[in-house]
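Alright, structures below, take your time with them.
Both complexes shown next keep subunit A, but they swap its partner, so subunit B is in the first and subunit C is in the second.
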Partner chain A sequence: MNNRPVLRVENLTTRFHTGQGAVTAVDGVSFEVAPGETLGLVGESGSGKSVTAMSVLGLVPKPGRIVRGAIELNGSDMLTLRNEELRRRRGKECGMVFQNPMTALNPSFSVGWQMREAITAHDKRSDVDTRIHRALADVGMPDPQRQAASFPHQMSGGMRQRVVIAMGMINDPQLLIADEPTTALDVTIQAQVLSLMKTLTREHGTALLLITHNMGVVANMCDRVAVMYAGEIVEEAPVDELFASSRHPYTRGLLRSIPNPDRPRQKTPTLPGSPPNMAQLPTGCRFRPRCVFADSRCDAHPDLLAVADRHKARCWKTQNGELLTETKSLTETTDAN
Partner chain B sequence: MMLRVIGIRLLGMATVLLAVSALVFAFGALIPGDLTSVIVGQEGATEEQFEEVRRKLGLDKPLVVQYFFWLTNALQGDFGTSPITGRTVAADLLQQIPVSLELALLTLLVSTLIGLPAGIVAAVHANKRLDILIRTSLLVTFSVPIFVIGILLLLVGSRWAPDLFRVSFTPWAEDPMMHIRSMAMPLLTIAFPITAMTMQMTRGAMLEVLHSHYVVTARAVGVREKRIEYLHALRNALPPIVTFIGFQLGILLGGLIVVEQIFSLPGLGRGMLEAINTRDYPMVSATTLVFATAFVIINALVDMLYPLLDPRQRGR
Partner chain C sequence: MPTDGTIPLLQVKNLKRQFNVRQLGSRENGVLRAVDDVSLHLEAGESLGIVGESGCGKSTLARLIVGLLEPTDGRILIEGGDIWASGAAGRERRRKFQMVFQNPAGSMNPRRTVGASVSEPLQAKGIRKTAEAVERMLTLVGLDPQMADRKPHQLSGGQQQRASIARALIADPAIVVHDESIASLDISLQAQILNLLLDLQKELGTSYIFISHDLAAVQAISHRVIVMYLGEVVEASDSTVFASRPLHPYSQALRNATLLPDPIHERARGDTLLRGDVPSPINPPVGCRFHTRCPLATDQCRKQKPSLRDTGDGHLVACHFAGSSSQTQVVSEGVA
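Then we have the complex of A and B:
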C-alpha cells in the first residue's frame, strides 16, 4: 500500500454569505486521512465539522462557498475539477453516510432502485442486481431480494441507515465520510450500526472520516482524532494519546463531560458557557471566553502547533510541550440525573 | 379490499351530492317569488290563476314532498321543463355539457403542457435569468382578469387575424375546421391564468423537493444532476402538482361563465347566467347540480391517483 493519504485537506476555508454578512464556518482547516485509517472529527454543533465534510465532496449548500484551500482526494484536487469530473468521484472514490436516515432516502422509489442509481451513475455492468443483493447482505439485511423491492417507509430507522451505508459502500470507495451516522438512531441500534461500519471499513480497507460529537464513539471507532472548535481544529492526536493527555482545555473539558456509566449517581461535569457566535468571533483565542487557563497571551490568536509526536494543539499554554495542570477546576458539575 | 375502498368512496360522493341537491333545492325555495310568478306574470293575474298553476306544478305540497319528487325525477335525468324556453332542461344540458367539457379539458391540457415544464425549468434555475423570465411573463398574464384578456384578444384577433379566429360558435359535426377556429380564442383566454398557476405551483413543489436531504444523497452517490432534477425530484413533486391541477378544474368551471359569455359559447356557464337572469329555476338548479357533480368526481379521481403517485399512500 502506498503512503499517499486518501484525503488531504489543506487550509480549507468555507464561508457563508448571508444577509447579515459573511460567516466563516470552516476556517483554515487542514488534516489528512491515510488509507484504511479512521479519523474522528469531533466538535459541538456549529463547530464546522459537517461543513468540512460537505466541502470534501463539493456539496456545500448555498449560500456557502469554499473560498480558500485545497482538497485532494486520491491525489486529485477536488476544487479545480469540473462538475462532471467531480460527479464521477462522488460515490465512487468517496461514499457518504448522512445523519438522518429518515430523510436521506427518496420516499418515492424502492431501496433497490436507489442503490441501482448509485451503481449505474458510475458503470453500467450487467451484474447490478447481484451487487445490490450482496451489498444489502453485507450490511446485515435479511432476505436482500425482498428488501431491495421495499420502500424506505416500510423500514425502521436502523434498517434505513444500513441501506444508506450500503449505498455509500456500494462502489467500494477508498474513503467513507459518515456525518453523525448514529445521532438520529435509538441508543440500542447505535452500537450495531457503529460495529457494522467498523467491520465493513476494515474488510474493504476503506478509510473512514467519522464526524461525531460523541467521545464514546470516538474511543470505540477512531485511530486518530481532530477536535474542532468555532471553525478551527484545536487539537489533533492519535486516539489513545488524546484520551491520556489532551493538550487543549476544550478537549480536556469534552473528555470530562463523558458520563461514567459505572457511577450513575455521580454528577457529570459540563463545560461552562456556550460556543461563540460565528458571526462575532472573539479576538485572539476563540476558546478564551470559556477557558479557565486563559491569560494575557490569549489576546493573540494561537496557531496549531506540534506539542508531541503526531500531536498538535492550538493553545499558548501547551505549545512548548507543557501539560495542562489540574490545579483549577476545568468544568462545573451539574446533576446528571 | 380495493372494492371496499371504492365502495366507501362512492358512498361518500353520493352523500355529498345529496347534501348539495338539498341545498340547491332549499335556495330555490328560499328566494322570494316562485315559478308561478314567472309563468303567470307579475300583474293582471287573479289569485285563482296562481293557485291553479301552483297545483299543476305541485308547489302547494310541503317542501319535503316537493324535494322528494324533484330528486326522484332528477335521478332519472328529468329536471323538468323550462318555463322560459319551453324545452326540457335535460335537452339543453345535453347540448351545453359537451361544449364546456371540451373547453375545460382543452384548457387543462394546454396549461399543463406549458405550465408544468415551465415550472420545472423555473425551479431548476431558481432566481437565475431563465426563472425570472418565465415567472414575469406568466405572472403578468395571471394578474390581468380573464374578461380583460378575453376582450383584448377579441379586439386584436378580429382586427389583425380574422382568418385565425371565428367568433361565433360552430359545432364540430358541422365544420371541424370552423369549430377549432371558434374555440381557439376562448381557450387562449382562459389558458393564460391557469398556465401561470400551474407553473407557479410546479415551481414551488419542485423547489421544496430540490432542498430535501435525499437530493443531497443522490448527489453524494454521483447521480447526474439532470437525472436528479427530472427523475428523483420531479417524482416527489408530482402528488401536490396533480392535486392542484385537479382543483384547477374547479376554478375553471367558474371561469367558464365569464369566457362563454364573452365569446357567446353555448355552454353550461352561459346557460346558467341566462337562467339566472330569466329566473329559470329548474335550469339554475340543474346546472348547479351538474357543476357540483363534476367537482365531486374530479376530487374522487385525484384521490384515487394519489396511491399511484406516492408509495406511502399504498396499503401494505
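Then we have the complex of A and C:
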C-alpha cells in the first residue's frame, strides 16, 4: 500500500447559506483513503459525515457549496472538473451506496434496466446482460436472470440493498462510498449485507469509505476510523487503537455510551448534553460544553495533531501527552436493580 | 407467573390480531396474522422487553396492549379486569396505559406548546389545574420547566423525547409501552434516555413494556425479555439468563448479528449468518415458522410446530431442539 491514495481530501469546507445565516457543515476536513483500505467516517447526526461524502461525489445539495479545499480521486482534482467530466468519473472510478435502497432505486424500472444504465453510461461495448447477471450473482441473488427482470417493490429491503451494492460495484471502481448502507435494515440482514460488502471489496481490491453512526459496524468493517464532531474530524486512528485507547473525550464518551448486552439492567455511562447547533457553534473547542476534561486551554480551538503513530486527535490535553483519566461521571455505572 | 396466587398487573392471554390484506397482483384477499396467539404477563414495577425484526408483530402487539387496536381474539387483563369490558370499567382500565412513540417530533402537536401537550393526559381525566404537575414532571425528566412554553420544534430530538416521556408519566399510568422510543436518537442520547427510564422506574414504580429491534437496548432496560418471530413468541426469559444463554436458534442469531464495539471480537466472529429473509407473514412456513432460516432444521421442524415449553425457571422456548447438545455446538461457533 505504498502507492498514492485513491482518495485524498484536503481542508474541505462545505457551507450552507440558510435563512439563519451560513452553516459550515464540513469545516476543514482532511483525510486519505489508501487502495483497498476501508476508512470509517463516524459521527452522530449533524456531524457533517454525509455532507463530506456528498462533497466528494460533487453532489452537495443546494444551498450548499464547497467553499474551500481539494478533493483528489486517483490523483486528479475533482473540484476543477466540468460537470460532464465529473459524470464520467463518478460511478466508474467511484461507486456509491446510499442508506435507503427504496429511494436509490427507481420504482418504475426493472432492476436490470437500471443496472444496464449504470454500465452503458460508461461503457457501450461490453456484453451488458452477462455483466448484469454476474453482478447480481456476486451479491448472492439467486436466479439472477429472473431478478434482473423484477422491480424494486417486488424485493425485500435486504435484496434491494444488494442490488444497490451490485450497481455501485458494477464498473469495478477503485473506491466505493457507502453512506449508512445498513441503517435501514434489520440486524440479521445487516450482518449479511456487511459480510457481502467485505467480501466484494476484498476480492476486487476496492477501497471503501464507510459512513456510519454505528460503532459496531465500524469495529466489524474498518481498517481506520475518522471520528467527526460538529463539522470537524476530532480523532483519526487505526481501528484497534481507536477502540483500545481513544485520545479524544468525545470518542471515549461515545464508545462508553453503548449498552453492553451482556450486562442487563446496568446504567450506561453517558455523554452529557447534546451536539451543538451548527449555526451557533461554541467558541474554542467545539466539544467543550460537553467535555468532562475541559480546562482553560479549551478556550482556544485545537488543531488535529498527532498524538501517537498514525493517531491524531483534536484535543489540547492528549496532544500534551496527558491521559484522559477517568472521572466519576464517566465511570459511574450504578446498578439499577 | 407468580405462584402465590396474586394476580399479575398485566396478563395477555392467547392474543391474536389479524389484518385482511389485498395481495399485490392477486384478486384474493390474504389474512395477515400479525400477532398470533401471544401470552405474556407483567408485574408492577417490572420491565418487559420485546425484541424482534420488522414484521414480527411487535408494534401491533404494543398497540393491542395499550388498547389502540382491538384484538381479533384473546384477552388483555389489567389487575384481573378485561380492558375491553364494556362501558366505564373498560375505559377506566385502558387509561392505565400510556405509550411513547418512536418519532418524538411526530407524536406531539406542533402548534401547541410542550406544556400543553404534556398536560393532555391530565386534562383527559378532567383535571384543569395542570401547571404545577407539568413543571414537576418536566424537572423529573431532566428538562428546564421553562421548556413548557416552547413549541416542539424549538427542542432538540433528545429533549422532545424527554417531553414525550413526561407526557406519558404525568397521569400516573400503571404501564408505559415504549415502541422503539430511542431508535431515532443519536447514540449518546440513547444512553441518556435509557438511564432516565431506569431512574424514573425506581422513583415512580411504573411498569414498562420496551419494544425494540435493538437487543442491547432491550437488555439494558428489561427484567425479562421476549423474542418474537413472525407474530409468535419464540423465547421468553429472565434478561440476565437470556444474556448468558439464549436458547432459541433465532435468539442466538439475533445476538450474533448484534455488532459489538470491539474490533478484536468482531474479527473473531464466526460466520453464522442467517440465510435469507423473514418469510411473508401472510403465508408463514408450516411447522416451525423459523425452519426456512434455521441451521438446525430437520424434517420434524418442517412438519410439526414446536410449542412454547418451559426449560426450567420459567425460561420458555419454542424449539424442538433448544438446549440439546447438537445445539450447543452451533452457539459456540458464533464466537470462535
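The criterion applied here is as follows: the second predicted complex is superposed on the first by the 325 of 337 C-alpha atoms of A that agree within 3 Å, B and C clash if a C-alpha of one lies under 4 Å from a C-alpha of the other, contacts with A are read in each partner's own complex, and residues count from 1 in each chain.
By definition in this document, a residue touches a chain if its C-beta (ideal position, glycine included) is under 8 Å from a C-beta of that chain, and two chains touch if they have at least 3 such contacts.
A quick note: this is a predicted structure, and the numbers were derived from the prediction, not measured.
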Once chain A of both complexes is superposed, is A:13 in touch with subunit B (first), subunit C (second), both, or neither? neither
By residue count, is subunit A touched more by subunit B or by subunit C? C
For A:98, is the partner it touches subunit B (first), subunit C (second), both, or none of the two (neither)? first
Which partner chains sit in contact with A:245 here, subunit B, subunit C, both or neither? Use first/second/both/neither. neither
Taking the superposition on A as described, I'd like to know which of subunit B and subunit C A:88 touches: first, second, both or neither. first
Which positions of subunit A sit in both the subunit B and the subunit C interface? 153
Contact residues on subunit A for subunit B in the complex? 57, 59, 61, 83, 87-92, 95-96, 98, 100, 103-110, 114, 117-118, 121-122, 151, 153-154, 164, 167-168, 170-171
Within the complex, subunit A is touched by subunit C residues 24, 53-54, 156-159, 186-192, 194-195, 198-199, 202, 213-217, 219-223, 239-240, 242-244, 253-266, 269, 271, 273-274, 277-278
Subunit C partner, complex, touching residues on subunit A are 44-45, 153, 156-159, 186-192, 194-195, 213-220, 222, 239-240, 243, 253-255, 257-272, 274-275, 336
Can you tell me which positions in subunit B touch subunit A when the two form their complex? 212-214, 216-225, 227, 232, 235-236, 310-312, 316
